[in-house]
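Since the structure comes first, as structure tokens, the remarks are kept for the end.
Naming follows writing order (A, B, C and D), and every chain is counted from residue 1.
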Amino acid sequence: MLEVEVAGMKLRNPVMLASGILGSKHSSLLRIAEFAGAVVSKSVGVERREGYRNPAVLNRKCCIVNAVGLASPGAEVFSGELREFSMKSKTPLVVSLFASRPDEFASLADYFPFASAFELNLSCPHAENAGMVLGVDEKLVKKCVQVIKDVTDKPVLAKLTPNVTDIVDIGRAAEEGGADAVVAVNTVKAMAVDIFSRKPVLSNIRGGMSGKALKGIALRCVWDLYEELEIPVIGCGGISSWKDALEFILAGASAVQVGSAFYYSYRAIEGIVRGLEEYLRLTGEKIKDLIGAAHENA
Amino acid sequence: MLEVEVAGMKLRNPVMLASGILGSKHSSLLRIAEFAGAVVSKSVGVERREGYRNPAVLNRKCCIVNAVGLASPGAEVFSGELREFSMKSKTPLVVSLFASRPDEFASLADYFPFASAFELNLSCPHAENAGMVLGVDEKLVKKCVQVIKDVTDKPVLAKLTPNVTDIVDIGRAAEEGGADAVVAVNTVKAMAVDIFSRKPVLSNIRGGMSGKALKGIALRCVWDLYEELEIPVIGCGGISSWKDALEFILAGASAVQVGSAFYYSYRAIEGIVRGLEEYLRLTGEKIKDLIGAAHENA
Amino acid sequence: MYCLRVVEVNRFERAEVVSLKFDRKLRGHPGQFVMLNVFGFEEIPISLSSPDTLMIKAAGETTRYLQKVKKGDLFGIRGPFGRPFSLPAREEKSYLVAGGIGIAPLNYLYARLKEMGRDVVVIHGVRSSDEILFDYPEIATNDGSYGFKGNAVQLFKRLLDTSEPFRVYACGPRPMLFSLYREIKRLGALERAEFSLERYMRCGIGLCGSCVKSGGLRVCVEGPVFRGDEISEGDFLV
Amino acid sequence: MYCLRVVEVNRFERAEVVSLKFDRKLRGHPGQFVMLNVFGFEEIPISLSSPDTLMIKAAGETTRYLQKVKKGDLFGIRGPFGRPFSLPAREEKSYLVAGGIGIAPLNYLYARLKEMGRDVVVIHGVRSSDEILFDYPEIATNDGSYGFKGNAVQLFKRLLDTSEPFRVYACGPRPMLFSLYREIKRLGALERAEFSLERYMRCGIGLCGSCVKSGGLRVCVEGPVFRGDEISEGDFLV
């Protein structure tokens, strides 16, 4: 009922954990993997990276703004952590990678022989020399995907930024580079100023906005990508209920990723999976038949 | 205490009405002009325009998504409506213009001799052949501003879209074209799907998101534009309280515009003005001395 | 927006009116309206005719389609929105003056006033007996095919007892409202009368400005119900 | 984030501890913490030591700066966050075992338990008499300069009366918590003990994952207070 196949991965349900949320330790990944269709680990680069000073995350009424700055122990150490996960769980593990140049992506793949797939972070909006600095440039995006596809047979997902004039152009570049799917989207550039101290709240000044406020933006990106690309689209941004997830699936998402909703509940994914299940039991349908269904009615 | 001078306009307070909100009739403009520092009228083009069918506006918890489609009676009829306003109110009237080509902007100016300034809508994200289709292109933006500056001595504000890879590039183009200020920002592209009917909610499918969810995005745009441009920045997006307004002013806005907040209260602007007044009475400061103050502390 | 399902359909075919009952009560008050999203057609403003019913008269494409709705059909709803009718003081007698489909919100108000044990007269004016929707005692037909021959305002003038405190609540076509307004103005009782007005609506939430009337008032928020003294003659002439 | 103003400062200079009282009570419970944004420095997690005070020991740049705070200074606050201490049953005697600045959250718990009329023993272990912050009767000093000579866990073992129902609440440095944990485990009473743990925190709201401990539990949400049986020995060794 809930099974989907995305980018060559068979998932028991279409609800994945988004990168960077509780994805740094095998223990939290394991807990979430009990219910998730797949988990994506925190983005990792070749070298250890401190990340930004606190405050690095801000919770507002309708959104989260974060500038964690891709804090990571580096590929070698992190591969040990993730290996532990892969030994204990059957849930597919997607390893998210960041890099400052296309060829760095290639060198990262080797560290994670146990990965079910790789997700390229071409979209973090606050890292100085990684993420969206590559992801706004069609040529670089294509190149990044190509170099990693050259060194691995595993599926490669390109995670896109909405901070571009036309996300479809970027999605097409990823497709041309050989991506097996695109993930739409990472956070939107945003910030906050504290009126009492009269300073930006985040130490990095600018951050990325996620959560409910992102939903309509992400949904539009999924809709447009679905219309123009051949490869599947994975939806991400502001999904916190089964209704949200279904909205994305109807708009063309083959699967969805859930991040900020864990602020409201550790059972975010469990709740969405259960909700979709109940809904489909009522309608007697299969989730995979609903992917993109709203385009026929539009 | 609250006086500011923006783009050559002296405003008794920095809180303006945003374009497209209650800006089609002189009677509603008059009511809002009682408290506002300035009002911006609904965008008008040369010809009458139907706009999109209903549903054209959707209210969600944290945001409004609209695709009104620049519905307008056309310049000639609308000039009569606005003239009535200008005869009855001393509050500066900014006339918002849309066009499908740069030269059309020039032909519009003549209809509104009573305007205090013009605002160029280079940013509506859902009109087919106007707004953001021009506003994503630096050359066109520069050209649009130039042609209207050639035919009028009035201040010209360029209203920018956040749906671009780098809003500062677009802002710079407006500045080079001779704009007296930029307004940041118009709505972000977004949409919604109804899971019961399995259709996009808006008749136009895609719309623009405004309201609280837009605030952090707009604030980041204002911050970045303030750092790079010489001309003043007018903040717009998700402002609904005096605290929001102050946040934008500290981030570099010389004035702010308020739109969706009228969903919560017709007294949105009155409330913001009163709140700022009280705050400044407490601190003993002048609002104009706070413009961009957070940059010094960052 | 949320979705409601139709659980009962009542057709008044000769009047080209349909009454739709939904699976849930809306938390609204008499005089308020919802934005009804008729999927595949338009989203239109419709007054509540009870906590869970809407009555719709065929006027164009969407409302004509609605005449054919079946039990089980789903509709999108935003609202209820707008200012409801205010309620009369205990000693006041209420005159509810409806023209045509204008009976819809007044029917809801009637029920509410009866619950409260108030003294109410409903006057419903229609073109001919075909268009009678409820069996209120005071019916006026233009063609005299039933009840009083004439229009609702004429019947109202005949029934109004100005010797005791009264309130007037009105909904109907513009010319009818205008003639009633002038009558009430003549009586110097504008602040005792409330009129439900119509304007083209897009947003229903006070932003787009398409429903603004004189005085800068928004029919979707400050209305649709206005007190007589909030209305100017021009409001009936647009 | 919102802002609070300091209305009272209490300095314990020899202990390098400061207690800040704010202009407003935080709606929190003993054991919960806030993310304290020290403008110009870092945002750090600090436990509530009462509904409106925080006690901070100098540990690094930010906490050292905090020692110099003055009345009137403003701080950003997110929270209170996290799971508080659970309260004992009426018949249970509570042993609050604190090491150093670990007394902060237990001081708040003590006040709450006293209000409820419960039987409480507070055991506070410090290095020397310089570091005593409150005049609780049961003080252990490593150097014997005051009270019991030894550490808090040794004193706890001496005072614990296992013949009656009891609960243990603990906060302090990792080695102390570990030795207490083993003692409680030996007694087979892990589910009667609660430990307030510390991990590096970024978000404080359960997203970033930096505070995750064994079992996938988040110290900022499922903690900082954990029951003994939710903790594994490894949690003290990282």
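In this text, a residue touches a chain if its C-beta (ideal position, glycine included) is under 8 Å from a C-beta of that chain, and two chains touch if they have at least 3 such contacts.
Since this is a predicted model, take the numbers as computed values, not measurements.
Undergrad: Touching chain B and chain D alike: which chains?
TA: A
Undergrad: Over the chains that touch one another, what is the least number of steps taking chain A to chain B?
TA: The least step count works out to 1.
Undergrad: Could you tell me which chain lies farthest from chain C when each chain's centre is the average position of its Cα atoms?
TA: Centroid comparison gives D as the farthest chain from chain C.
Undergrad: Please compute the C-alpha centroid of chain A, do the same for chain C, then give the distance between them in whole Å.
TA: Whole-Å distance between the two chain centres: 51.
Undergrad: Compute the distance, rounded to whole Å, between the mean C-alpha positions of chain A and chain D.
TA: Going by mean C-alpha positions, chain A sits 37 Å from chain D.
Undergrad: Roughly how many whole angstrom separate the Cα centroids of chain C and chain D?
TA: Once rounded, the distance between the two centres reads 64 Å.
Undergrad: Where in chain B do residues touch two or more other chains at once?
TA: 192, 197, 199
Undergrad: Among line, ring, star, complete and other, which best matches the way these chains touch?
TA: Topology of the interface graph: linear, an open chain of contacts.
Undergrad: Touching pairs of chains, which are they?
TA: Final set of chain pairs in contact is A-B, A-D, B-C.
Undergrad: Looking at the complex, which residues from chain A come into contact with chain D?
TA: So the residues of chain A touching chain D come out as 20-25, 27-32, 42, 51, 53-59, 64, 66, 68, 71, 192, 194, 196-197, 199, 201, 203, 259-260, 262-263, 266.
Undergrad: Mind pulling up the chain C residues that touch chain B in the complex?
TA: 1, 3, 35, 37, 39-40, 42-44, 74, 76, 78, 201-210, 212-218, 221-222
Undergrad: Could you pull out which chain B residues touch chain A in their complex?
TA: Those in contact with chain A are residues 60-63, 65, 136, 163-165, 188-193, 195, 197-200, 205-206, 209, 212-214, 216-217, 219-220, 223, 243, 246-247, 250-251, 290, 293-294, 297-298.
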